[in-house]
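Below is one structure, written out as structure tokens, with a few remarks after it.
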Amino acid sequence: MRSEAELRLRERLSKLRSMRLLSGARLDGELERLERQLELMQAEPTEEEIWRSVELARHQDRPYTLDYVERLFEDFFELHGDRAQGDDQAIVAGLGRFEGRTLAVVGHQKGRDLKERTARNFGMAYPEGYRKAMRTMRLADRFGFPVVTLVDTPGAYPGVVAEEHGQGGAIAASQAVMLRLTVPTVACIIGEGGSGGAIAIAVADRVLMQENAIYSVISPEGCAAILWRDASQARRAAEAFKPDAAHCLELGVIDGIVVEPEGGAHEDHDEAARLLGESVREALDELDGVPRDELRRRRRAKFRSLGVYA
Amino acid sequence: MRSEAELRLRERLSKLRSMRLLSGARLDGELERLERQLELMQAEPTEEEIWRSVELARHQDRPYTLDYVERLFEDFFELHGDRAQGDDQAIVAGLGRFEGRTLAVVGHQKGRDLKERTARNFGMAYPEGYRKAMRTMRLADRFGFPVVTLVDTPGAYPGVVAEEHGQGGAIAASQAVMLRLTVPTVACIIGEGGSGGAIAIAVADRVLMQENAIYSVISPEGCAAILWRDASQARRAAEAFKPDAAHCLELGVIDGIVVEPEGGAHEDHDEAARLLGESVREALDELDGVPRDELRRRRRAKFRSLGVYA
Amino acid sequence: MSERIDVSIESKQPEGPSGKRHPNTCPVCESHYRDDELAEAVWVCGQCGHHFSMPARARVDQLADAGSWQEEATEIRSDDPLGFFDLRPYSERLVEAELNTGLGEAIVVGSATIGGHACELAVMDFAFMGGSMGSAVGEKFSRACDSAAERGLPLVSVSASGGARMQEGILSLMQLPKTVAAVEDMHDAGSPLISVMTHPTTAGVLASFATLGDVIIAEPGALLIFAGPRVVQQTTREKLPEDFALSESNFRLGHVDAVVPRPELPSVLTRLLGLFANAQ
Amino acid sequence: MSERIDVSIESKQPEGPSGKRHPNTCPVCESHYRDDELAEAVWVCGQCGHHFSMPARARVDQLADAGSWQEEATEIRSDDPLGFFDLRPYSERLVEAELNTGLGEAIVVGSATIGGHACELAVMDFAFMGGSMGSAVGEKFSRACDSAAERGLPLVSVSASGGARMQEGILSLMQLPKTVAAVEDMHDAGSPLISVMTHPTTAGVLASFATLGDVIIAEPGALLIFAGPRVVQQTTREKLPEDFALSESNFRLGHVDAVVPRPELPSVLTRLLGLFANAQ
């Protein structure tokens, strides 16, 4: 299952190794990163390591979308509002320049302090947020801007008004919009990839995941509460449903793992951003030159292939 | 200015006159209707007649959208809701069969009694109503159903919540949607064609207007209040800005006039519906066989040509 | 942390105060019916109109013209890619579900005619692990889309689902974009989706194909909600609106085209399929 | 009947209690400025930040790089197709507006560079009959769209309008679909619309091209409303929200991407044009 991503990586590694003779320190760093990526891909995390990812993915000092945006995108212009119901601050959307090229960026945004956390609703979006995301992605499609999404949410907001505004329909529509785009799209799970709220903006040509991010259909606590009837069994639940990057890669759900700084992304935001930038650039490079209709066809085919049945 | 519509009509008349030798009573009625249409097109209404149109267009017994729907469309299935904020009953939308063919229908709906008037908000839509209309028209476009709209509104609702939900943007977006459709579209002003609230669903390949309907940028009372600083000058205002069908045709704003029963549509709903049906069928016939992209191109070109400047 | 849950499976039937009401007893008016009475009444309470959950095969019988049903993709079964084990192994739960329902999965798909109109039909069964959507449900639904697209016919889906199949972990989440992609491919082929939502249509199914219906019909009193009502209740800490997240409020709020009582469903679908039969 | 009005021209400047404030006196803090002071400060009150209405030519000077402005469609003037006569003939009002503003119509269009980025620019002037949109405004705006499309460049529009030009009757209403069609043609050619809404942007202009901006920027304190506030007030018979229909509430409610103070507008537009210069 892991073969395609691994093959791509091995190919790039061998190319870099041969170039090493010509070039200097930056290539060395690049090589190291790729070797580390390959290592991560082959890892079989223990229960201990899985739980460590859950903790790091939720770490209060972990970089959020805007931390990456300010480090990776020049001339960022934030787009606000869904043109109908409001401006949901749990999702950030905008245009920015990445290595000279204009991209559209959409990401969940958690808050750093109590006030911002409240304003951002802990990164849990309303339908308004997904409609802002759709508007931005459609704009990108019209003007040929690639789309990068950064996924970091405990889940879509489970509130009365969110339901009344059509939470389920908005999440479905957002996936449909992403599956209709004809521009290159890259998603990266940078923290919590929580269920429907995450997949709404993660239906991309390349789905990446940071080393310590998690991606899951339900929170470990939620799963434990339902299946073990005991929320304190969260750790056991996490071990059972394996939300870590290595397992997601093994299942074909993601296409690559993004290396984090030693100790986790929260230890060094600049380095975390640099590493994320490298992976995004690689993913975009791979998609360059693919005809627009073909991008869409492949994207749909890829998501249609996911699942294991007898 | 009136030449194209008149030419079309004269052509059809002469064709019918030659067929008359072969056929019977139905053709006679048809001929009479077309001759009456031609008469209307050539009329120069007096102030008296213009004001009579204003009164008839607002007559409390005048047929509304659903009166026509039940008489003209088989198997009507009403579509409800904008999938985000609500279901605006000032606009009715749905699918129905017209002479064997599935159409999408969108129309303003006033109420007959006090309770329905309130529920229908006197035919004054919120942005939700226009978003329901857009959803319906996009659906029609996807499946190749022609769109028929029936226009009958004093105007879009001028309320706090309507503004907060983006009334201006919804009206603009609805026009943009209509100008993007690639299916045949026919609009008919069946009562009050009030300003932005009317044009939002009237940007069609063929725009028809009933004999006693009015179509205007502002109500006579509103115009009088602003320009004469006296709302009681409404009659004078109407004479000045000429909201009647003959003048709209002369200015190229509409493509044809739909005959009403003697005394006005309110005198005989069945006959009014029959006459409307004939005109809609003729308009659809004219559009049949035009390639889809060409329909859109012509529609945009037509609306881009409207206006008189030096 | 519990407010972080946005997909949950609530596979239990609604319970009365006693907690052990017989499945043939109406939870609203307490009327009790024999199996054959309930089947005869398409699982609608003759006293109060309550819509009981309905087995998928009975739904097919209700909707499809006699003799028209041709089931497809019967060979597809769930696998256990994670070797999932909670209080019991997933593989054991699957066997039990099959024994209890006589179904291989929580959905049946096939071709049929309804009121004489050919269509594809996909019907979920809540009794099979709460109608949860795992890889097999996603695959079978997607094949129904392809089948509709190939034959240029509408797809009628009847949903009943507590959400994602947690036991398949992240792969169950992937069934959302998978089924959405299938619907979009079908749309591009010119086939409409008529989505009938029955009690309950929630979480992953609501947030994927069910809400993508070109026309959406709901049965009376069905719970149509993304998060579970208990989760919303915990988040809100306020009294929920009277008909919160039921078909009727979803209709009022613009999410559903029509609320259609079960006995009228065949004629309404016939009318709709007739209208779409005209599509170019 | 007055609640039936949904387009109204309110061409009067906001008035203080006295009703005859000098146009160079700030309506918020009463600071008074000489003409040259106001021009120097791009018509923003140095005391309180109030944004005065700004002449179209001054706006062009503020935004366009020196020497880059090439005005287009200068020959287009309004006609009087209805021979409209209210308290005075329309033709007389037109002449007076031209004399007062030095403009041929309520909009100027042309090509320019902003911060080095080539674009098309369309700027409305509220002083010309309340920035109302008649056939000439519609035609000039549409030509700006065509010019942007032909050259593959963005169109920056700066709106200020009390609504439709009532004196042109139904033809003024037709400028809504006309300008929308022009924007859609331009979109199909790959050119973006950057819409800058200034005080006031209402009625017909709000309900056509202004809200179709791919990016929408509003100046602080601008009234952005479809119906006139007096009409809404009459309909509501309740106290209107504090910042009702102003840029700030429109931003909060999701209708505007950014509220940008006038002095920052050139740099913000430069940034945006740079981003769109990358479009394929």
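General remarks:
Letters A, B, C and D mark the chains in the order given here, with residues in each chain numbered from 1 onward.
In this section, contacts are C-beta pairs under 8 Å (C-beta built on N, C-alpha and C of every residue); 3 or more make two chains touch, one makes a residue touch a chain.
These figures come from a predicted structure and were not determined experimentally.
Considering every other chain in turn, the ones in contact with both chain A and chain C prove to be B.
In terms of C-beta pairs in contact, B-D outnumbers the other of B-D and B-C.
When every chain is reduced to the mean of its CA atoms, the largest separation from chain A belongs to B.
Our note on geometry: chain B versus chain D, Cα centroid distance of 30 Å, whole angstroms.
For this pair, chain B with chain C, the centres built from the Cα atoms lie 41 Å apart. Centroids of chain C and chain D (each the mean of its C-alpha atoms) stand 51 Å apart.
Note: centroid distance chain A to chain B, computed from Cα atoms, is 49 Å.
Of all residues in chain A, those that touch two or more other chains are 83-85, 165-166, 169, 173.
Residues of chain C in contact with at least two other chains: 211, 253-255.
Applying the touch criterion to all chain pairs gives A-B, A-C, A-D, B-C, B-D. Within the complex, the chain B residues that touch chain A are 83-85, 127, 131, 165-166, 169-170, 173.
Only residues 1-9, 76-79, 81-82, 84-87, 134-136, 138-139, 142, 164, 166-178, 180-185, 202-204, 206-212, 224-228, 231-232, 235-236, 238, 240-241, 244-245, 249, 253-255 of chain D touch chain B when the two sit together in their complex. Interface residues of chain B facing chain C in the complex, by the touch rule stated above, are 75, 77-87, 95-97, 101-102, 128, 132, 139, 142-145. Across the complex, chain D meets chain A through its residues 187, 190, 192, 211, 214-215, 251-258, 268, 271-272, 274-280. Residue ranges on chain B touching chain D, taken from their complex, read 124, 154-160, 162-169, 171-173, 175-176, 178-180, 194-200, 203, 215-219, 221-223, 225-228, 231, 234, 237, 240-243, 247-248, 251, 253, 299-300, 303-304, 306-310.
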